[in-house]
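Paired with chain B in one complex and with chain C in the other, chain A is shared by the two complexes that follow.
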Partner chain A sequence: MSVPALMSRTSFVELNARERARALLDVGSFRELLGPFDRIESPWLARQNIVPQADDGVVVARGTIGGVAAVVIAIEGAFQGGSTGEVSGAKIAGALELAAKDAEAGKPIRPVLVFETGGVRLQEANLGLAAMADVHAAVVALRAHVPVVGVIAGMIGCFGGMGITAGLVSRLIVTKQARLGLNGPEVIEQNAGVEELDSRDRPLIWSLTGGEQRHAVGLADDLVADDADALADAVRAAFDRGAPAEHASERIAFWRARLDRLPAAPEGMALRKLWTGDRP
Partner chain B sequence: MSDTNSRSWSTRRDDKLRRVRAVEAHADGKVLRTAEMVAALEAVLVSGDRVALEGDNQKQADFLSRSLAKVSPEKVRDLHMLISSISRPEQIDVFETGVAKKIDFAYAGPQSLRVAQLLEDGALEVGAIHTYVELYARMFVDLTPRVALVAAEKADRRGNLYTGANTEDTPTIVEATAFGGGIVIAQANEIVDELPRVDIPGDWVDFVVKADRPAAIEPLFTRDPRLITEQHILMAMLAIRGVYERHGVVSLNHGIGFNTAAIELLLPTYAERLGLKGKIARHWTLNPHPTLIPAIESGWVDSVHCFGGEVGMEAYIAARSDVFFTGRDGSLRSNRVLCQLAGQYAVDMFIGATLQIDGDANSSTVTTGRLAGFGGAPNMGHDPGGRRHASHAWLDLKTDPSPTARGKKLVVQMAETFQSGGVPTFVEELDAVGVGQAAGMPIAPVMIYGDDVSHVVTEEGVAYLYLAADEDERRAALAAVAGVSPIGLRHDPRRTDDLRAKGLVAYPEDLGVDPTEASRSLLAARTIEDLVEWSGGLYAPPAKFRSF
Partner chain C sequence: MERFELRFSGNAPLVGRAHVGVVASGDLEVLMEPANETVVSVRTSVDGFEKVWRATLERFFARHPVAARIEINDSGATPGVVSLRLAQALERTKA
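Take a look at the complex of A and B:
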C-alpha cells in the first residue's frame, strides 16, 4: 500500500462488528436485526460473574450488497474473544437459516460471515458446541443455493469450531493480519508444551496460521489489504463470481492427498513450497 | 613535607600494571579467552574495588555480568558496583553471595522489588540513587571506577571497539575508567580484523573478550500505534495547539509513551493541516522512535540526536543520514551523556508522561513497594538554570519584564486524569514520599519537581502553570485540568472563567480543538505494519511487535 493510500484508507481491522457490517453493505442500506436494544443476551454469563452484552457479541444486519438483498453476520472480537455461546450461536444459525429459506423460495440473498473468534464460549460449553453444529449445517444447506462469503480480518482471527465454518464457506477473504486455524496457538502450547509451539513467537504463528500463508497454500481464496473499501469490493466480487462448481470442503480426495505428502517438518515455508500452485 | 618526596604518586598506575600482568595469563594479547573469563575476573578484581558494570535500559554487558556472578566470594568480596540500570537478575545475585556489597545506580526497573528486599535485609548498601547524568558525572569526581566491564558490538585484536547504534554509555564509562587509572574490559559479539568504524580507541581498552552470545538489547522505545486510544489523540491535539503551536517549539525531547507517540503520528496529518510544518518540532534529542518515521518521511524533521539505538531501526537510520547522526560507515552513533546534555541545554522543551502528580505538580513514577529509581527523566525534565542562549520558545516563557530575568525551558507533563483501573493520576500525596521514607532515603524520589513544570496537559485541557502569579493560582490552574481526581475535586468551578480569561487554563474550545475529531483515522500510521510501509520496508520491527 502506498503512503497516500495508507493515509486515506479506513482500516477494517479497527472497526467493531457493527461498523464492519455497515462497511460491507451498500451505503445507507444497513438495518440491524436483534440489535442491542432488543436485549437478547446470554443468560449464563452473569451467573459466572461475567457482564453480558446486549447483543451477545454478534451483529446481524440486513441491507444490500451490489444492490442485491444481503445479510451480514459479524462477530465482535472485543466481547469475550468473539466466542460462540447459546444466544450468539443461535443468532448466527438463525440468520443463516432465514437466508436459506429466502434462497429456497427463489429470493436473492447474499450472506456474509465476518469472523473474529476463538470458537466456542467455554462458559457455555455444550450449548455453544450445539450452536456450532447448527451453524455448520446451516452454511452447508445455504451454500447449495447461493454462495456464502467469509471474511477474516484480525486481530483475533478465526479458530475452533468457527475455523471449521470458515472452511465451509464458498469463498474466504483474508487480510495479512488474519489468522485461521482449528486450535489456537495458546491452546496448542498449553496442551503440547512450548517446545511444540511457542505462542509468543509471533512470526512463527503468522507463518503457520496467518492470512498470507493461508492464502498461499489455498486455504483462503482472496488476500486483501486492510482497507474497508477494498474488502467491500472483494465481497461484492465474490458474489459476482457466483458459486464454485465444487466447494473446497467437498474435495476430500484432494485434501487427503495433500496430507499424505506432509513433510517431516511441516513449517510454513515448506508447506508453501509444497502446496503453492496446487490449488483446490 | 618530606612525605612528598618519599611517597609514590603513581600507586594507581603501578597497581593497574600489576593487575594487567596477572590477567595476561588468560589472554592472547588483548583478547581474553572466553572460557577463562571467570578466572580472569578473579585475577583482576580486588575485594572492595569500585566496579562499573555497563547496563542501561537498552544495552547490557550480560556476558560479563553472568561471569561476575560466578566469581568466588572466597577470592573477591564487597565490591562497590556502579550500574546505571539494574535490569538482570545476576546483577543482583552478586549481593546475595557477598561478592558485592554496595551499589550506586540510577534505575532498577525489572529488579526493583528485589533491590528493595535486599536493602531491607541489609545485604545491600545503597550509595545513592542517581539520575543517569549524575552517576556518570560522579565517575569523574568521587566514584571513578577501578574496573569497568562494558559491552561492544565488535572489537579488534588491538582493543578498538565498534559500539555502533548502541554506543550509549560506553564511551563515558571507558573514559572515566581508562584515564582514572582503572582497567577496562569489553565484551564483544565478534572479534574481527577490520571494524566498520572505531567508536572507542583501543588505547583506552585493556582487554576484549568474545561473548558467549550477543549482548542483550531491549526494544524499549517502540510503541505499537494500534494501542493509541482516542483519548491519547485528543491530548496530542491539545498539546500541538496549546503548547507546540502556542510557543513555537522547534527543538524538543519526547519521553516514552503513547501520549507522545500520538503527537509524533499527528504531525504529518493534524499539524500539517494547521500549517505548522517547518514551524515546530524540527530538531530532536530522541531515541529513534519508530513512530517518528512518518514525520521524518513527510519532511518535518531536520535532525535527531539519539541517546541510544532502537532494535529494528538500523537500516532505516543508515538510509536517512541527513537526519540522524551516523558514522562514515552509515550506522547510527548514539551517546547517552551528550544527548542528555543536549536535552538539558539545547532543546526548548521536554514533554513526557507520568503516573502520579500531586497538587503542586510534583510527579513521580515510583509506586508503593518498588524502588525503581529515576533513569534519565529528571535530567530532561527540568529547567536548567545555567542556560544563557535565547530562542523564541524560551523567551516566550519569560514572564518577568526585568532586564535581568531569564527565559524558561518548557517542561510539559502529559497525563490522563485517571490511570487504567480507575486509579487517579492526580493525588494528595505521591507514593514516592512513603517509598522514600521506607527506604531511608534523605529526600523523596520525586521524578520531576513541580517548580520546574511549565505546563500540564490532560484530556480536560492545558494548565499554563508558568503564568501563575503565586502558589495558590498555580494549584487552582492545575486542579482545573485534573478532572474528578482528588485534586480536581478541590477545584472551584467559579474560578475557572477567571483562570481561562487570564490564560492560565485552556479547554479544548479555547484552543480550537474539536474533541469529536479525535479519532484514530488522524494517525499517520495505525499499526506497526503501517510504519514498515512508511519506511519503504527499511524498518524491521522486532518479532514481538509483528502481527502479520
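Take a look at the complex of A and C:
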C-alpha cells in the first residue's frame, strides 16, 4: 500500500465489531438486532467474577449489501477474545437460522460472518460447544440456498470451532493481518512444547496460519488489503459471484489427497510450493 | 469483580441514549439513557477503587449535570479513559 493510500484509508482491523458491521452494510442501512440496550448478556460470567458486556460480544445487524437485504454478524475480538458463549453463540446461530428461513421462503438475503475469535468461551464450555454445533448446522443449511461470506480481518484471527465455521462458508475473505487455524499457536505450544511451535515467533506463526499463506494454499478465497472500503467491495463481489458449484468443505477426496502428500516437517513456503496451482 | 451504584443530583434532560466502548483490557463500555434521577451502576474488574470512581464521576456531573441512567462495564480503564468514554457517550446522545 502506498503512503497516501495508507493515510487516506480506514483500517478495518482497527474497527470494533459494530463499526465493522456498519462498514460492510450499504451506507445508512445499518439496523442492529438485540443491541446493547436489550441487555442480553452472559448469565455465567459475573458468577465467575468476570465483567460481562451488554451485547455479549456479538453484533447482529440487518441492512442491505449492494441493495439486497443482508445480515452481518460481527464478533468483537476485544471482549473475552471474541469467545463464543451461550448468548453470543445463540445470537450467531439464531441470526443464521432466521436468514435460512428467509432464503427458504425465496426472499433474497446476504449473510456475512465477521470472525475475530479464539473459539468456544472456556467459562461457558459446554454451552459454547453446543452453540458451535448450532452455528455449523445453520451455515450448512443456509449455504444450500445463498452464499455465506466470511471475513477474517485480524489481529486475533479465527480459531477453534469458529475456524471450522470459516471452513464451511461459501467464500472466505482475509487480510494479511488475519490468521486462521484450529488450535491457536499458544495452545499448540502449551500442549506440544516450545520446540514444536514457538508462539512468540510472529513471522513463523503468520507463515503458517496468516492470511497471505492461507490464501496462497487455497484455504481462503480472497486476500484484501486492510481497508474498510476494499473489504466492503470484496464482500459485494463475493455475493455477485454467487455460491461455488461445490463448497470447499464438500471436497473430501481433494483435501485427503493433500494430506497424503504432507511433508514430515510442514513449513510455510514448502506448503505453498506443494499446494499452489492446486486450488480447490 | 466489584459492583456498586452511585447516585448524583443531575437534572438536565438527555435527548437520546448512547452506547460506547468495549469491555476490553484498559477500556470500558458505557450505556447512557434518559432518566428522572441520576444513577450510575458500575461493574469493574478491579476491586477497591470506589472512591476513585466517585471522584471521576463527580467531576463529570459537575461539568454536565444530566439526569441519566448510566451503566458501566469496566475492564480496568484508567480515570482518563473513563472520562473520555463518558464525554463520548454524552456527545452521542445528541446525535
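Basically, the second predicted complex is superposed on the first by the 280 of 280 C-alpha atoms of A that agree within 3 Å, B and C clash if a C-alpha of one lies under 4 Å from a C-alpha of the other, contacts with A are read in each partner's own complex, and residues count from 1 in each chain.
We take it that a residue touches a chain if its C-beta (ideal position, glycine included) is under 8 Å from a C-beta of that chain, and two chains touch if they have at least 3 such contacts.
For clarity, every value in this text was computed on a predicted model and none was experimentally measured.
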item	value
Combined model on chain A: chain C and chain B, fit or clash	fit
Dominant toucher of chain A (residue count), chain B or chain C	B
Contacts of A:36 with chain B and chain C, given as first, second, both or neither	second
First (chain B), second (chain C), both or neither touched by A:155	first
Inter-chain angle, chain B to chain C through the CA centre of chain A, in degrees rounded to a multiple of 10	60
Partner chain(s) touched by A:78 [first = chain B, second = chain C, both, neither]	second
First, second, both or neither for A:54, with chain B first and chain C second	second
Partner chain in contact with A:199 - chain B first, chain C second, else both or neither	neither
Partner chain in contact with A:46 - chain B first, chain C second, else both or neither	second
Smallest distance from any CA atom of chain C to any CA atom of chain B, in Å, after fitting	5
Parts of chain C lying in touch with chain A, wherever the complex brings them together	1, 17, 19, 22-25, 27, 29, 31, 33, 43-45, 71, 73-75
Chain B contact footprint on chain A (complex, rising order)	1-3, 6-7, 10-11, 13-14, 154-155, 176-177, 200-203, 206, 210-212, 226
Contact set on chain A toward chain C in their complex	16, 35-37, 46, 49-54, 76, 78-80
Residue numbers on chain B that touch chain A, as the complex places them	226, 268-269, 297, 520-521, 524-527, 529-530, 533-534, 543-548
